[in-house]
Each structure stands twice: as structure tokens, then as C-alpha cells.
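Shared between the two complexes below is chain A, which pairs with chain B and chain C, respectively.
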Partner chain A sequence: MKKVVDVSIPLGPVHPCWKEPARIKCETRGEKVLSAEVELGYMKKGIERIMKGRPWQEVLFLAERVCGICSVIHNMVFIEGMEAISGITVPDRAAYLRVVVNELDRIQSHLLANFSFCYTIEHETLAMYLLNTRERAMDSLERITGARVNKAYMIPGGVRFDLRDADRAALCADLDHMEEAVNRYARMFEGGPLIATRAKGVGILTREQARIARAVGPTARASGIAEDLRLAHPTYRRLQFAPIVRTEGDNFARIMVRFQEIFQSIMLVRQCLHDLPAGPIRGGGTCGAGETVSRGEAPRGELSYFIRSDEYGRITDIAIRTPSIMNIDACTHYMLPGVTSLADVTSVFVSADPCIACNER
Partner chain B sequence: MRSVIWYLREFLRAPWVHAFLFARTAPLVTPSHFRDYPTLTDVECTHCFSCRMICPAPGAIEVLQEGGAWHPVIHRGHCLRCGLCVEACPEGVLASGRILRWQEEDRTSFRATFRIQVDHAKCMRCGNCCVSCPVNKEQDPQMAGGGHSSNDEVIMRIAGGNHTVIHEERCVGCRTCEEGCPNSAIRVARILEGVQGVAER
Partner chain C sequence: MSLLQDVKNWVRARSIHVSYVDVGSCNGCDIEILACLAPRYDIEQYGIYVHNNPREADILLVVGAMTPPWVERLPALWAKIPPPRAAIAIGNCPISGCVFNRRETYILGPVSKYIPIAAEVPGCPPRPTEILSAVLSVAPTVFRDYEVKRP
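Showing the complex of A and B:
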């Protein structure tokens, strides 16, 4: 069917607002966006192909490098998959330490996502404040795991390093600092009149649309879908985890959900530190043959690994599904059409927190 | 007007003014707990090759002999700084961040076993794997082309027209046989297990 459009405007693949290359083609009439289309494929790496035929100690490092921002959850979901295949149990202390590291990683990922949004709407002050706070989370992670980005912390049957008392005290201090700082920035974001014009009522994804587009993670929770895979995780169940849901479905809600989840993550880490049982951090156990689908809640939504391994624990087949692909789809099909100004396209896209590197692997 | 008041309130706070006037960027120092490229400690290397067998990155670590002494060499740019070699070394030759100290305190280690898998449908019984194997070479220096040996202490040999693995437990996991196989018939599985409180080999 022939559509009457003024002009089709391409954004990207190289765009100052985006961290990674993607191309959005917007059909517009005047300033109003009629429809949008996304083009991916600028950073395909073929990681799944490289993983085949390798044992866990090699695949682990490749899995982490699927996504630089949420590397811990890739590590965790892959290792939990291998544990499910081989029937390896994890000591309690290791299970809690995994949650601590995972939640710290979520904090830094959400702070980075909110930084990107503030940066995109040209509120650089708030953006840099958030980025500055993120360093605290990164420092905590470095103290526990020894590395900032690719931590390689979890192994089948446990974790690599224990949490020392000195590091625990430093972590508690960092959590207090982050809570106070993020609290202030969240209030700045919530009450900022100029932020509201770029965030409230822009890029609306209704609950029904989110359901049809299979939106996941904070994007879905900002549209009123109370789905979070942490609900199904045994350790999170012990911590009485409940997902955070908002109903507005606009840019504002997506960013606020992330702010609220940062507070929730801080509480979860505190609770883990409080409940942290004594005991070993590694239970041992070798990987064997089997096939499984392992799922986990990444900072951006549901992440799943299909893993098949041979008798020696080598990966024979692996398929990764990352959360961003659904959110990018929801963004281009439902959030972008109807946006009244072309200037809002970038901020709407960034508010869905797309991770292109995850998508294309 | 509201924005102006907001900005004044934001930037006239005492901590902000103090930071604006007196803030100095902290010097870029790598913290001591950072898991950096492994460095050598003073302990003597026994060239057991555990570090090489555990390394996930191709070409990142080599164990070389120089002036009669063996020592591991880390190739920067290939090394991922994962620290697995530090944990795998039974002697504590390598150090990176706080890994070595923590490992001693927590008594954590990795236990590696190696399994040899031969696809007899692909194997041509050429004996390249048996000849190239460094452990075989130590046991039976006379082993020549064809891979035949009368020594019962070798890992594998060609006997009775068939490839037979005798002492799988002696395999050190170097994968030289894999590289020497013209038909990709032999594979070595490196099975790794993270353990705690277990005496090292």
C-alpha cells in the first residue's frame, strides 16, 4: 500500500546519542513520525559459533564478552545452565555472593542507561552526576571480583573469590553513598520541569502493545507488566523479591523504573550481606552431557541460553537470546510511531535501553 | 524562573562549591586489588604447564626455558587478565592482584583432568599423535614414525593396527596430538573443576 510521507529520515548508524551503531529509518510527515524501522547488523561477531566445541572455562569468557555492560548476568545464566545440566549444587554462601555481584552489576547498568537518557535529552549535569555515582558501583565490583567489566566471577559449583570483611565494610559505605546520591538525582529527575517536557507522555507503550511486542525488563515493567525472572530464581525467592511496576509506559516511567530498581538492588545487596551464611564458596563438580534452557533477568530483561554439551562438558550447541531485541522491536513499532517531534526519536530509542552488541553477538 | 532558582539551589550548595573550587582529579593509579597481568613471584617454576592448560586465551601464556630455568611468559594483548593461571599454578609462581593471597587463605584451587577421545572411524592409524606426544617421548624416546612401542608406560600407541590409549591419566592436556592429527580424529578434553579445601595434587 502506498503511504504518503513527506520524507524518510535515517538516523545512524553513527549517531552521537547512541553508544552503539544501529540505523533507524523514520517516515515522517512534518515533524510527526508515522512509522519507523530499525536496521541492525553493524557489529555481528559470531560469538556463538566460536563457543562451540569449547569447555566451560573458555566459553565463560566468551559469554561475558557478549555484552560489556551486563557481563555478570551472561556469566551467571551460562554457569547456571551448566550446573543444571550436570547436577552441580552451589553452596549457600556462593549463591548469596552471586546475587550481590549481580545486583551491583544491575545498579551500574541502570545508572549507565539513565545517564544515556539524560545525555540524550541534553541534561548533561544530571547525566554526569549519574556517571560519577556509577563509579562507586564499579569500584565495589572491582574490590570483590578484581576486575571492573569482565569479572569472570562465577564458576560451576560456586564463585571464585570470597568477600572479605574489609571489602564488605567498603561495600556498605558505597551502598550508603549510592543510595543517598541516587535518591537526590531521582528527585531531580522526577521534579525537573524541563525533563518532564522531554519525558512525560513521550514514546508511550501501552500495556497491550507491550504484551504484543513481547517487551521485557524495565520497558515492560514501565508499561504495567509485572514480569521479572528473578521471581523464579531460588536465591531471590529467599530474599522475598517483588518486581517494581509502573503504569504510565512513557519515557519518564522507564527511567523511573530503573531508578526504583537501583534502590531495590541496593536493598537486595544489603539483605544478602545481612543474611550471608558462613561456609565454603566452592562445592566442586565437573560438567557433563545434557541439554537445557537457562534463563535469567538481565538489567534489560529476560536473557536465555540454550546449551547442549557433550560427556566431557564441552559445548556442542549454544543459542543466546538477549532481551534488547524485543525492546528494540517494541520501540520501533509502538513507541516511535506517533512521536510528535523528530528530536524525540533518539531519546525514545535510548529510553528502551537497547544493547546492540547483545543483539548481534 | 523556576529553573533559575533550581540551578541556584543546586550549585550554591556547600559541597558543590567546595568541589568546584578545590576538586582535584585523583591520580590514575591502578588499585592493588585489580586483577592485572600476572607477574612472576620468586618461586621457582617446575614447568608443570598447569597455567598453559587452563588459559582460555589462545597464545596468552607460554612456559619457556631461559638459562636453565623455566618460567611462564605472559603475552600482553592476548592475555584476558582472568587470573585462572594464577589459581591453577600449584607452586604459586604467578601473582595477580590479591588472587594468590586469597587462594592461600580460602584454600581454593582448580583441579584439571584430561581425557583423550579418539574417533576410530576417522583415525587412519598413522601414529602421528603417539609420536608427537611429549609424555610419550619421555617414556619411550625410541618411538618413531608409525607410533609403535613396546613400552607399556606410554599414554597411547598403535598396537595390532589400532590406536590404543593405555595411560589416559598421564595426559597433561597439551593438545599436541590434536594439532598433529591429519584427520581431526583425536581430541583432548580439558575438564576443570573448582574446588575448595582439597589438598593440591
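Showing the complex of A and C:
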């Protein structure tokens, strides 16, 4: 039977709500979205092709430029892969410092994602509050690593800079400020009646659908799938850590999972600072030949690197799988169909926190 | 110089509408532009309004290394912006391709081959304050006495 469609509405690639170019075609009947289709390819730079045949020292910088928002986890997963290949061990202090920087990066990424959602539903006050709080996280990152976005903090065998006592005090102050501020904004979000109409019950992804679409990260955890690759990471295992799960599966749940993960990340950073052992921050080692799959939990979900290197530490083959592709799929195939208003399409898409740059590389 | 022109110069220096287009960046420059919106930098106190609509923009911020799909779309987008207009390249990518301009790459930079670039802000990525000062210094000079200079 021929499908009855009123009109096919394209959104993007340049759209006021989206930071990055993507095109969504929505087939609608009236205001109701029947089906959606995503068109990608606006950001394909061929990073994996550039990486092949280059020494790890260059690939290190290319890897974090896969994604500017979550550059730390790309750096971390690639470096952990190189360490696994070459049998390099990391000093304890460096392992904890990696977790500190990674969690700070997660905080700023989640704050940015929640800012985007609030901005998309036109709650500009809350959005600006969140964006301003994010600047505190960026300050902490800059103090520790020396850069705001592309940091290249981790290297095989350790990290590049130690945490100085003055920075540690400033970091603790920033954490206290962020916890208090985000606590207030999370309550504003939770209790806002107008936010509830735009967020609760919109863009539902059930647990079953999340499993079929292979959703990952906060998107999956908001649909009741308790998966977090940090559970498999040796340093995180030493900290008390349990993934945050909600069961509603709507926009509201996805944003609230991110808010709760910000608190969790703050606790993890505090715990790391408490347990931080003294000692060196860099060990020795030479990158050698081998092949491995390295995985880690990016702010958006599971990130994996397949790396093959030769005896001089050159990367002969590399394949990256980023979390956004699964979440975009889950969004277009399961969240968007059935959305009752076209006005909600952008907010549903943003609530899945798609990162097109990661996705296409 | 007529009084009308003076008024126009004054108004144009204080009300700058900005649109940004991402032609294949790593997202780093995008989020630094977004950070300009934060109350700490408060881009709107200078009369700069960021909204991603080319049809009401004065300044186009170009971010990214110029991927093939944008070769046709970027000039089309530029044509939609009503004059007087100016484009600013943000970050190393639109200027030189940065780390992406290597063997085996897909990018077709630099951006200045496709649209006229009035100013360039290097950095990977530049700080929000640098982006802010670039927009503030370019807009009044480019838009000054526009009607007189126009051929």
C-alpha cells in the first residue's frame, strides 16, 4: 500500500539549533512525524586515511581532533591502545590524573549537551546558566592541561603535566561551585512545568528499541540499559562507581541522566584527588608493533579504536568507532517517528547529543 | 559625508548579526564560538547577535577545513547573505587545513578559494576572546561608509 505522506520536510544542514551540519528529512502527516531519515557526509575529512602510515606522535594529535568536545577520551583510548600494544605501564599518579581530566571533560561535555537542549527548547535562562558553569570546568581543564579544547594531555607511559598544589586547591573550589550550581539548575530543570511539557514523554526510546538500535552512553542509560565501559576500566574499578540508569527513555530522562552523571563525575574527581598517590607522572617505554582494540566510555557512549602498528611505532591500520552513529540511528529510527509536533524534532535530535564531527571524522 | 551615512555607520558598528557555518571542523572552534555566548564573555553586550540564519546575517563565521559537499553549498550560502557582509575564518582549518591538510585527505581548502575572507583568526582553536575581538574589529571597518564605497 502506498504510504500517505503530507509533506517531506528537510531540516538542515545549516540550522539555528544545531552546532554542526546534518540534514534530517521528516515525512509528516499534519504535524505528526511518520518517519525520519538522516543524511550525513558534510564533515568527512578522512582522518583515518590521514592517520595510516604516520608515527604515533602525529596520530596522537590527529586522534584528539576527531572530536573537539570529547578530545580527552579520544586521546585516552588511543594512548591506552598504544600502551597495550607495547606493554608500557603507567605510574599510579598518572592513572589517577587521567581519570581527573577525563571526568572534567565529561562534565563540560554534558553541560554543553544540556545547554544545547535548553537552548533548543528556548529556555535561554537555564541554557546560559549551564554555559556559564561550563566555563568553570574549562578553567580547571586549562589550569591542569594548559589548553581549553585540544589538550594532548596523555602520552604513552603517563601524562604531560603534574597537578600542582595551587591548581588542586583551585580545582576543589571549582568542583564545589559546580556542584552547588548544577544542583540548583538540575532542580530548576526537574521542577519546571514548561520544560516538562517539552521534555516529558517526548521522543521515547524504549528499552527494547534501545537494544535493537544499539544505543550507547547516556541515551541507552536513560532507557534502562545499565552499560558503562568505565566499569571495565582498571582505574575506575578502584573507585566506587556504578552507572546511572533511568527507565523513562524520553528527553527528560536523557537530560537528567547527564545531570546526574555530572554529580557522579564531580564525586569521582574528588575521590581521585583524595586517593592521589605521590610519585612520578611519567614512566618509560617504546611504542612497538602489535594490534589491539582499545575501548573507553566517551561522554556520548562507547568509543573503540582498532590499532595496528609496526615496530617503529607507526600506525599501519586504524579504525575508529564513535558512539554518535548508534545514537543518531536510534534517534532517527525510533525516537523521531511518532513525535507529535515538528517543533519537537530539533529538541529530540539534540537530546540524543549527536556529535557529527566524531561521527564522520 | 552625509548625516544619513554617519547614522548608518554608527548603527552598523553596534548591531552585528552573526551566522556561523561549519564546513568540516573537529567541533573545537564551534564550541569556542558557543562559549562566546556565555555570560562570562557576553557577546551580546557589544551588540553582536549569534543566530544561525544567513538571511539576516552581517558576518559569517566560517569554521572547518572545507569538505567536498560544501564546495557548492558555501558560495550558495554566501549569496544568501544580504550586503554589506563579511566572512571571518575562525581557526587554522579554513586558513590552511591545519592537521587535515595531508596526503590522502578529502578536504579541498582553503576556504578563501570559494568566498572572500575579510579576516582570519588563527588558533586550534582560538580563544573566545580572540573571536570576539576579531568580530568587533572587522565589522566597523568593513561596513564603514558602505554606500559611498560601493561602485
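The working rule: the second predicted complex is superposed on the first by the 360 of 361 C-alpha atoms of A that agree within 3 Å, B and C clash if a C-alpha of one lies under 4 Å from a C-alpha of the other, contacts with A are read in each partner's own complex, and residues count from 1 in each chain.
Here, a contact is a pair of C-beta atoms (placed from the backbone, for glycine too) under 8 Å apart; a residue touches a chain by one contact, two chains touch by 3 or more.
Just so we're clear, the structure is a prediction, and the values are computed from it rather than from any experiment.
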*Determine, for the superposed arrangement built on chain A, whether chain B and chain C clash or fit.*
fit
*Figure out whether A:Lys19 sits in contact with chain B (first) or chain C (second), or with both, or with neither.*
second
*So, A:Leu112: does it touch chain B (first), chain C (second), both, or neither?*
second
*asked:* In the overlaid three-chain picture, which partner chain does A:Gly68 touch, first (chain B) or second (chain C), both, or neither?
replied: second
*Determine, under the contact definition given at the top, whether A:Ser347 touches first (chain B), second (chain C), both, or neither.*
neither
*For A:Leu60, select first, second, both or neither according to whether it touches chain B, chain C, the two together, or no partner.*
first
*Using the superposition on chain A described above, determine whether A:Gly41 touches chain B (first), chain C (second), both, or neither.*
second
*Partner chain in contact with A:Ser294 - chain B first, chain C second, else both or neither*: neither
*State whether A:Ser86 touches chain B only (first), chain C only (second), both chains, or neither.*
neither
*Which partner does A:Val149 reach: the first (chain B), the second (chain C), both, or neither?*
second
*Check the superposed model and tell me the shortest C-alpha distance between chain B and chain C, rounded to whole Å.*
5
*Which parts of chain A are touched by chain B and by chain C alike?*
61, 150
*Which residues of chain A touch chain C in the complex?*
13-21, 41-47, 49-50, 52, 61-62, 65-69, 71, 112, 115, 128, 131-132, 134-135, 138, 148-150, 355, 357-358
*Could you please specify the touching residues of chain B with respect to chain A in the complex?*
2-3, 6, 10, 31, 33-35, 54, 56-57, 80-84, 87, 96-99, 102, 106, 108, 111, 113, 115, 117, 189-198
*Quick one: in the complex, what on chain A touches chain B?*
55-58, 60-61, 125, 142-143, 145-147, 150, 152, 155-158, 160-162, 164, 188, 192-194, 280-287, 312-314
*For chain C, which residues are in contact with chain A within the complex?*
19, 21-32, 34-35, 37-40, 51-54, 64-65, 67-70, 73, 77, 98-100, 102-107, 124-125, 127
